[in-house]
């Protein structure tokens, strides 16, 4: 398939879906949903094709696409994937499809909902595929508006507050990020926004540090790294199920991905210097997030804070600057997307049936709805890192990676981070005990179990959790060549030069 | 035969006079709309006719016939055509007279001449032609007290500012003995540290600051925009502002380029003041026209940054921004015109649920507001990016930082309108109908916004060629 | 002997008086008169520059003629708007015209 611009097709198929949906009258609800489903399914198929054609042993960027005409101002249309971005593209395509499946019964203005969902998908895929800083920024911002609408129109009670908070936080971050991007452009010679070219240029240390801080501001808000995490619980809790899934599953990964794709290769010196300063807030994320999650009585809030905790592992693994750590970080990004995506889907399913998210108002689900309760338990075990399931592999690699980090402080940090693991296990088990076991309250007598459609969109996630848990090499083999190459390049440039 | 290159201006002048005269005799009024459009289309065609402008006649010495003048003339004619299209809705409702169209044409003529003026007297006269037409247009709704009041305020402050500007021009003339920009530029270095020269610079900055609507010379803007008929406010916000920018570029970077050290300190300062104050005050507005007025003050601040960059790149950014802003702002005002002429309200809260009353109008207004806010995929993003990049290239990072923070602030109030449109449920379900001319205008502007936002390449190339030879250091 | 400076000083003084009056008066007709004063102060400067600096080309004097025409048009338009307001409000006091406020 030489010459077939598969990446462009992956990125823009959802956009075409959006445009088609906009052309259909809003009363044709069924065809709107069908188009959305088809667009997302085609995207997933194309990304699977990409996966099978991808040369796993090659650490370089593949499937490079450049537009022959210039956009102007030094901006290029330039796409490509490597082992770090490919898992993210697969994850995005999969989760969006499942999110559409989960929103199948949406009655409130489905036209706008599915149009925004697909537009969001284009934005997210574009972030992971672009190799030009401005293109990256454009796609980054493109996700913002649809997400704002998804939260503020289809969200829960405090949706407007949460949406605006999400918007202002992310926008402030990305605006500062743009400043960093501009600085990179004008400091490079010849002036370029091309990420691949920029990775080869050597910037003076002080400049690197300043730009690193500017870029990190945007990325850290998205991750979110402590103390920029306060938008996350609001946005996650108030967003509709599909929104929470994509927010936790993919949007958070964009921040960590930005660190890996832009900060690490382009600003190696600054990254090396500031890595310990990332590790500390990452540790706070892990421990503090877990403690706050334990204090929640709202099921969705608990899952939201568990995301804060889990994203801490991603950042910790990355900050350790070891091969295992970075592999673990990318793997954890993928796993967290799958597991938390599933947990949010489950919370949505519970809410549909019980109309509450309060843990104390639930109980005994196992006796009434065994399939749902079984999958909840499975998700909780995966999330708390039970060996054999995928959550374990990522966290374990991150911990090993950070424990073997160069500085002695990493050993201390890793040891403290284990507290987070224990707490995570505690609150998930407590949740299971109170929700799945115990006595069924009378208000839930009429609860029905999952239907075929609902099981269908959970099965791929369960499958992935088991497969990656049993054989993590499926993903690690993808990541390892690329991440090792970047790490080596960085180390030789910082330490050798 | 240099006169022939003024054919577009002559066409517009002729039609403006014809409309004025026919209005006296004709009882049927509806064909004036088409007449005005025909005038603009003819003018647009004649601009592209290859008339030589090299002759040394008096008039070609008074006006530039360069590619920058052509760029602005084309932009203004397109803008004026769009304004006439959106005036149709408003014209049917109010106590309307056809002189309106001839005033629009006179104003177009004024801004076209302003953008090509190459000499102090011709610049002053074209500036005053523009201002006079706009004074009349702002006060055009005769029975409407708000309109008359806005017109009066605009006129008094406008005349004061013109006088201040004129004093500055007189001083420059007195110091150099010349009125043509090129002569001034060549004579100036000998005298440029005179106190009188500094005084004249301050007067010029104040005078142009008023026309461009920069803080602290902005007080007339919200009143004039609110009181004026909406299409007129749209035309003022794009036409007279862009023309004033054109003349600022010509005077400061052409005639007064040698005195850069003196005036270049003022520009970033004014830019920061304008965007910050404009954005902060826009946050609390409840009337959409006042909000757009303050937003236009802030936008003027961004555009000024391009000039403050003092480079050909910056000027290209300025031109691109003005082009993008023309489409974006006319689109926003067109939507407001349609809405106001049907519901009679200009309050932001009445836009609630617009998406259910008219999806097209809602989408157009949203696109224009997001473009004003500088979201990617829309013209506003490329324009802002262009300007910010040019400023960053000059290592004025603090200015870029302030501008970026301002962008974030501005997004909030644009988003509040979008929130009303899409999220708040409507008060009345009555659909809003869009007449054919307005629909055409909305479609054209939205197309322009998307084209400039997604495929800016050719435009950037054209503008780059225009400004390449313009800059004198 | 009367030099260029004398004319310019007179022009500047007239300009300042005009500006002060235009900003401080409450009657619209009076404001219009002060605006005229400002313009004529500039005209005076233009003509004296023309006389002393470019006596041959007389550019300043031509400039002044254009300025006079423009000012006449401005004031005419202004008075028309004042008339418009007077018909409905019965006032020419600027502070009683106060519908628009921010």
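Order as written gives the chain letters A, B and C; numbering starts at 1 within each chain.
Operating definition for what follows: a contact is a pair of C-beta atoms (placed from the backbone, for glycine too) under 8 Å apart; a residue touches a chain by one contact, two chains touch by 3 or more.
Small disclaimer: the values here were computed from a predicted structure and weren't measured.
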Considering only which chains touch which, how would you classify the arrangement: line, ring, star, complete or other?
line
Which chain is most remote from subunit A in terms of Cα centres?
C
Contact-richer chain pair [A-B vs B-C]:
B-C
Hey, how far is the Cα centre of subunit A from the one of subunit C, in Å?
66
Subunit A to subunit B: how many Å between their CA centres?
44
Intercentroid distance (Cα basis), subunit C paired with subunit B, Å
26
Among the residues of subunit C, which are close enough to touch at least two other chains?
none
Along subunit A, where are the residues that touch subunit B in the complex?
69-73, 112, 134, 137-139, 141-142, 144-145, 148-149, 152-153, 160, 164, 167-168, 171-172, 175-176, 178-179, 182-183, 185-186
So in the complex, which bits of subunit B are touching subunit A?
370, 375-377, 381-382, 385-386, 388-389, 392-393, 397, 400-401, 404-405, 407-408, 411-412, 415, 419, 422-423, 455-457, 459-461
Please output the residues of subunit B touching subunit C within their complex, sorted ascending.
120-121, 124-125, 128, 131-132, 135-136, 139, 142-143, 145-146, 148-153, 155-156, 159-160, 162-164, 166-167, 170-171, 173-174, 177, 179, 222-223, 226-227, 281, 290
Considering only the defined contacts, which subunit C positions touch subunit B in the complex?
8, 15, 18-19, 22-23, 28, 31, 35, 38-39, 41-42, 45-46, 49, 53-54, 59-60, 62-63, 66-67, 70, 73-74, 77-78, 81-82, 84-85, 88-89, 94, 97-100, 102
